[in-house]
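Please find one structure pasted underneath; my questions will follow.
A, B, C, D and E are the chain letters, set down in written order, and residue numbers restart from 1 in every chain.
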Amino acid sequence: MASIELRQVRKAYGAAEVIKGIDLSIAHGEFCVFVGPSGCGKSTLLRMISGLEDISGGEIAIGGEVVNRIPAADRGLAMVFQSYALYPHMTVRQNLSFGLENINTPRPEITRKVAEVSKMLQIDQLLDRRPKDLSGGQRQRVAIGRAVVREPRVFLFDEPLSNLDAELRVDMRGEIAALHRRLGNTMIYVTHDQVEAMTMADKIAVLRLGKLEQFGAPLDLYNRPANLFVAGFIGSPKMNFLTGQVDAGDRSLLHLDTGETLRLPAAGFAQRAGEKVTLGIRPNHMQASAEGPVAVQVRSVEQLGGESYVYGHTATGAPITVHSPGQTRIAIGDTVRVGAPEDETHLFDSASGLSLREG
Amino acid sequence: MASIELRQVRKAYGAAEVIKGIDLSIAHGEFCVFVGPSGCGKSTLLRMISGLEDISGGEIAIGGEVVNRIPAADRGLAMVFQSYALYPHMTVRQNLSFGLENINTPRPEITRKVAEVSKMLQIDQLLDRRPKDLSGGQRQRVAIGRAVVREPRVFLFDEPLSNLDAELRVDMRGEIAALHRRLGNTMIYVTHDQVEAMTMADKIAVLRLGKLEQFGAPLDLYNRPANLFVAGFIGSPKMNFLTGQVDAGDRSLLHLDTGETLRLPAAGFAQRAGEKVTLGIRPNHMQASAEGPVAVQVRSVEQLGGESYVYGHTATGAPITVHSPGQTRIAIGDTVRVGAPEDETHLFDSASGLSLREG
Amino acid sequence: MLALQRMLGIHRLAWVFLLPNLLLFGLFAFLPVILNVAYATTGGANVLLADRPYVGAENFGFLTDCANYLDPNSCREDKFWRAVWNTLWFVTLQVGIMVGFSLLTAIVLNREIRARGFFRAVFFFPVLLSPVVVALIWKWILQREGVLNAFLDWTGVGGYNWMVDADWAFGWSVFLSVWAHMGFYTLILLAGLQAIPRDVYEAATMDRASPWRVFRRITLPLLSPTMLVVLVLALIKGVQTFDEVYAFTGGGPGTATTFIIQYIYEEGFAGAPRLFGLAAAASLMVAGVLVVLTLVQLWVSRRSANG
Amino acid sequence: QEIRFMCYSDGNECEVYDDVLTRFEAANPGVDVVVDVVPYQAILENLPVQLAAGTGPDMAKVTDLGGLNQYYLDLAPHIDTGYWDASFGPILNWYRVGDRQGYYGLHSQLTITGAFVNATLFEQAGIAMPGSTATWDDWAAASRAVAEATGTPFPMAIDRSGHRVAGPAISYGAQYFDAEGNGSFEGFGPFAAAFVGWNEDGTFARDVWASQGGATYQDAAQEFINGQLVFYYSGSWQVGRMDSQVGDLFDWQVVGSPCGPAGACSGMPGGAGIVGFEQTQHPEIVAAVIDFLAQEDIYAEVAARTRNLPAHAAVASAGVQFEGASPAAQEALTAFAADLADVSPIAFAYQGYAGNRAMFGITVERLSQAIVGELSVDDAVARMGEDLAAAMAASQ
Amino acid sequence: MSRTWAFLSATRGGARLHWTDWASYGYLFLGVFLMFFPVIWLVLSSFKTEADLQRYPPTFLPYQQQTITLDGYADPLPLFEITAGEHAGMILAQLRRVGLQAQMVDPANPEERLTIAIADRVPVERFTLATENYTELFGRFNFLLYFWNSTFITVTATLIMLLTNSMAAFALSKYDFRGRTVVLLLVIGTLMIPQTVVLVPLFLIVTELGMFNSLWGVIIPGAATPTGVFLLRQYMLTIPDEILDAARMDKASEWKIYWRIILPLSAPAIAVLAILAIMWRWNDFLWPLIVLTQSENFTLQLALNSFQGELQTQWSSLLAMTVLTLLPIAMVFMFLQKYIATGIASTGGK
């Protein structure tokens, strides 16, 4: 059993506390993704789970057993380092087989597994090269291979696909998912890629400044973000935020700071009259139409071919992104009016940032 | 002037040729993005332009002057390394100011510029740390800062945003674009991110196995890919390909290998009767509808919240991806019929892979 | 090993790695030093400690009995103080020159040059020669009718009797010991240079650093662990310079090139009677000074690593 | 039984011993005498330590004759002491110290200091050589004149060794012993002053004494061999070298030791001897081996083959036909042997004095300092006395 | 010529020479002259006869006077060229020299005796290698035995030293434990006492342990050199800890990490230390001299120095022996120096 339990885990470098008491419980066989802004502590947390980093406070349990004092080598995990940390003096083949040799795998089996994994990662042509003779993406794949080949009870991946091209990334995503299905082991996966997070995760943990902001299934996070931060962080491009004040009388009317007025969803949110709130609308729910309640000054337009992004800002300067399928005819400098279906909006308390969603 | 001209540039490591004769001409002030599968030679090409890597054959000219024999330091470029290559013994501040000191920038100006750049990259809190005390993304930002702070005539970026979170990445994209506008200098940018490539580039160079496959404006590449490879590589998810044979009599009828028959665009392509061709349709142009001509067996479905992907395959096993806005109700195991508007399809010669587009 | 590792825990495991070396050390390095202290506090000319009378600090007193430490002639043991001052001068010159040239050589040899192996060998070969042979070679070259004078005569500058001139003899001693040992430090520095990742140099190139600045700001700081080895060893070995200069000048003319180890050697081993106690006491005084100097070096290097 | 003989060579001595000892082995089945040839440094520096630690060899060839006395095996019980007394006489005293007055060593290699002269240079200059009673001053004047006339760089030279200057110093009045028979530098001043003066005025080759330091030994044989030196004061052991290396370059001859103002014309005897050590497991065999080497025929053979002056009275008086020696060498060795008669009793006693090594060292160091100007002659002589006092105090 | 020039004037990459390359080559050739010329001269001198070695002014190449064997004369006669007088320009053989005159004969006409002033003749010399300096060595003592002893001592002591020192250096550089600084200071501290001084105490200890006159008495104390620990530790400090972390994640035991990661990555420092250790042990003289007194245990260095007597040193034999003992380590150096250039070009990561 390889469930992972974090209890009030803390980490400080000298005076600087970078992990500030995290509670997290990952069930056996679960695929958990860590996301969060750069520098929020994802890698640190991973290294603490792996046993490479000392724990300043709290407890980590793997499979029910507290592992605080168990050395990294004995925790039965494998890890892909963000910086790869390949063995520079070994060939790709040796990099891949080193871990297997350490657990006394018979030679033929090592050969078989290395062949299998290198094929899966499309590095089978490179087995006799040293890391220094590889491209960045090839190195990254070796790093993945080194962890994968050992089939441990827990995998820790630290941004394993960041240097791969889109196609390869899709392939690798598929391979990792397949591996997860086949081995049924626990995986913790750090990524900055929204698509990876959303598609691979059973659960996503959103971290920020060393604290856990929300932990849940991907669509839950997307559909019911617990606070402004999660709402802004999950989903790309970022959710648009409009601040305003709930009408003193009519709880379903919102007076934006821009002076414009919007209708709020009739139910589902617990806004009180007169409260300062923030309305969140995802770019792809923004629709440009003549009747849109909010005027947006277009600052730039990105045409991706199959879809396009319009960037602009409201009268008070709040940035607004509109994402629409196909290629758009809106141009820089235009003023467009936008709006969104009421049931696709989110409402947050402006002061605390917490979602006002009920239930 | 900082135009960059590559003429039949080649690079071989011993017997292995990794750059196989590339001709490319980047105008002064242009923002050129290199894309291509991992290991195709992007970094190598960048390093050759920078002067860090010897050129096995051909010529490189910067600003009209052949620089083959000019040492890297004298070429007036700045580069963000894929591996960062930060100075491990210097603080972030020193890392950033080193280049300025080398060109004898006055102290106060160094201080000012470093402050400015570190603020832009959101690393102003970290100026007194050493690289080893930074997170991966923070290191990457220092690497960007080190190049940016010097404001050279040409920038070379090697996957500079790969380890940043989505929001930061959007910010940085914006900053780099702004920098480009402000300095008006030439930039070469390697990325695996479709969005970056499409949104930032004036021109995109698509590389594959050391050769240039296509070079042009982003939407040109998207709308008029020169061959199957570019068509598949630009745009994410990948374009769907269906192989078949043009009807012996009616040039606008295509008999797919699956046995199904499709209508081809009436004009714009130069297919000949009886020719073996490949039809390309982007996932977001694929529409699931009862009348769709092609039957697809659904293998998996990804729900991203704002959009969803359906993966499946045709009767002959060709993979098909359907991208649709919103959350879909198609489930694994379903068979759906799909089709696409005729004018959103691409046609390629199956044998050579070249586009059959006319003009 | 894994079992042992679990039993001890990683931090105590360090001692397992240290054990074989510490055993050897304890017996063959520390113990002799302890015995040395015992010798320093005993007198007489007997070899076996059991036969030697305890004299306390008498040996130290004898060595430090001086009216004016700057004037050896005013000291009871004038030879010791002459040797001390000579050594001091010698070390200052020799360590500076040697480390400078070793570094230069290592950097040149680390470049992408042709026939690297040959050139490395060239600079290392003198290290392989025994001190006697080193001295012999340079005596041949520098003697009154030696090669150098033949050459100088030929150029018209005219020869010179180098070996009877105290200053020249001293200068040539410095030269000769640099010549003989430079290869040693060059080799160590060469290995140290290899530990600097190449991509950092590439970054510096892109940052338009001049060769000098690359050296100052990249090479030197990143080489500092190795530089520390070289500096500490050069200092220690410099103070302990003996054989080749002894074979070269015998310490002369007069006492111009008599260094502290020669004093120790002649008092304790070569001379008659053999004053082991005096030699041991002198060696402990030298060691004491060296310890202080080394601690200063360590401290400086740690400070520059942090600051 | 295995006997270990630690031997050092100046030429072929150890080879010759090894060879003649095979005869001893043949005569004494079961005995194996192994000759371990070591550098002289091992004898000088390591042997005493090994002896002190009880790990010394059974026998050795040594030069610090009196200094190692405490470890010597007394051969008396195993030998015919009468024969030894008759053969070696007073030389046996060199191995005796204090109340240890036994029979300890076979003096295998007798040496005596004396001068080599480049006869060809004299001939070229047309100057006659001073006679056998000539003084150091006579020789200095003559050598200077020859050097000047022939353009030779150096008139005279003397090895840098306390042993070498002992003879001349005695001729100048050095006493070397005080009233109690302890070492002393009484009377050394005049020679020191004269010698420093000669070094200053270029009569003596400054290079020899002034280019070295400490107690290191330095000879001037190379200068003599190259014809750059008129008068070279060294010793009988140089004959072989002169013979083989001067070759045809010029004629040289041995003139013994000049006389000094104190009346003596003394050289200094010396040499090495073979001794046994008390630590040995087989004292009687060791004694037998040494006694075997002391037998007249063997001794004569070894002396002839190693071209050493014999210390054995009978062998000496019979004369030795040195093997492979040219007529010039034979003549030179004979001249040296004849010079033994002139050796002053002080010199003889000094060679047998246990503290002489310390005194040799002190002489060289301090005299050199005076020559290079680090000390005045008076200071140097005073320091010599102090050094000696300190050394004597330490070795009590 | 132009090819040589192209070879010399190009860096490895093939690009044109930068001024720093010129400076480098200049420095190197100066180095060859200063560092290597004396060594070459030493080698050539080992082929000179003892008499030639003493000659002023010294020659670079070994020369020997030519001789001729003539009928009627038992020994070969030395040849001279006559520079002045009526026979100027002739090559004559000398019978004997008497004072300032020499009796000579014309080899073409051995009957007639000529009298020549010695100032008018110069010896006819020719480049000749005195190979007997070498051949005599082999006859003189058991070269192979001493070679074996030296080799055994060198190899064993070097291996023990490399193993124990690198283990200790690993502990001192990659672990944080209490007492680390103390151990480090002790290690460096022992460097301070000159070897000459501890020779006697060390000798007593070795004797006490029963290793006197045994090769192990040279091997074991020789392996306890603090220099190696210090050198290796400082080098190991530069190996990124992250690679060790990766190995720990790969379930490598600490021993495995030492053996498979640290050792190979320290290859340059290990190579340096190996070269130094081999050189130290091979050239070691003072210590074997005191521990080994029996000829069957002698090393080459002891044998080499047995040419140093009290009054005379046979330089020709000593030089020949020096060159012979130099050859093996010179070859070892050439072999090992390659490994000095196997550093971490990049750490295999970011």
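To be clear about the criterion, a contact is a pair of C-beta atoms (placed from the backbone, for glycine too) under 8 Å apart; a residue touches a chain by one contact, two chains touch by 3 or more.
All values derive from a computational prediction rather than experimental measurement.
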item	value
Any chain in contact with chain A as well as chain C	B, E
Maximum centroid distance from chain B, chain identifier (CA atoms)	D
Result of counting contacting C-beta pairs for B-C and C-E, higher pair	C-E
Centre distance in Å when chain B and chain C are each reduced to the mean of their C-alpha atoms	59
Distance from the mean Cα position of chain E to that of chain D, given in whole angstrom	34
Distance from chain E to chain A - Cα centre to Cα centre, in angstrom	64
Junction residues of chain E - those touching two or more other chains	13, 56, 200, 204, 253, 256, 305, 342, 344-347, 349-350
Per-residue overlap in chain B, given as positions that touch at least 2 other chains	71, 82-83, 136
Sequence positions of chain C contacting 2 or more other chains	2, 5, 10, 47-48, 145, 197, 199, 222, 269
Complex interface listing, chain E residues touching chain D	50-51, 54-56, 78, 94, 97, 99-100, 141, 200, 203-204, 207, 212-213, 289-290, 293-295, 298, 302, 305-312
Of chain D, residues touching chain C in the complex	44-45, 48-49, 52-53, 64, 67, 206-207, 210-216, 218, 226, 355, 357-358, 361, 365, 368-369, 371-375, 379, 383, 391, 394-396
Chain C to chain E touching residues, read off their complex	1-2, 5, 10-15, 17-18, 20-22, 24-25, 27-33, 35-36, 39, 47-49, 104-105, 108-114, 116-117, 119-130, 132-133, 136-138, 140-141, 145-147, 149-150, 179, 182-184, 187-188, 190-199, 211, 222, 225-226, 228-229, 232-233, 236, 240, 242, 261, 264-265, 268-269, 276, 279-280, 283-284, 286-287, 290-291, 294
Chain E partner contacts - residues on chain D that touch it in the complex	4, 6, 8-11, 34-46, 49-50, 53, 55, 57, 63, 120, 123-124, 221-222, 225-226, 228, 235, 237-238, 241, 244-245, 247-248, 251, 272
Residues of chain C defined as touching chain D within the complex	43-48, 73, 78-79, 144-145, 161, 163-164, 166, 169, 246, 249-258, 262, 266, 269-275, 278
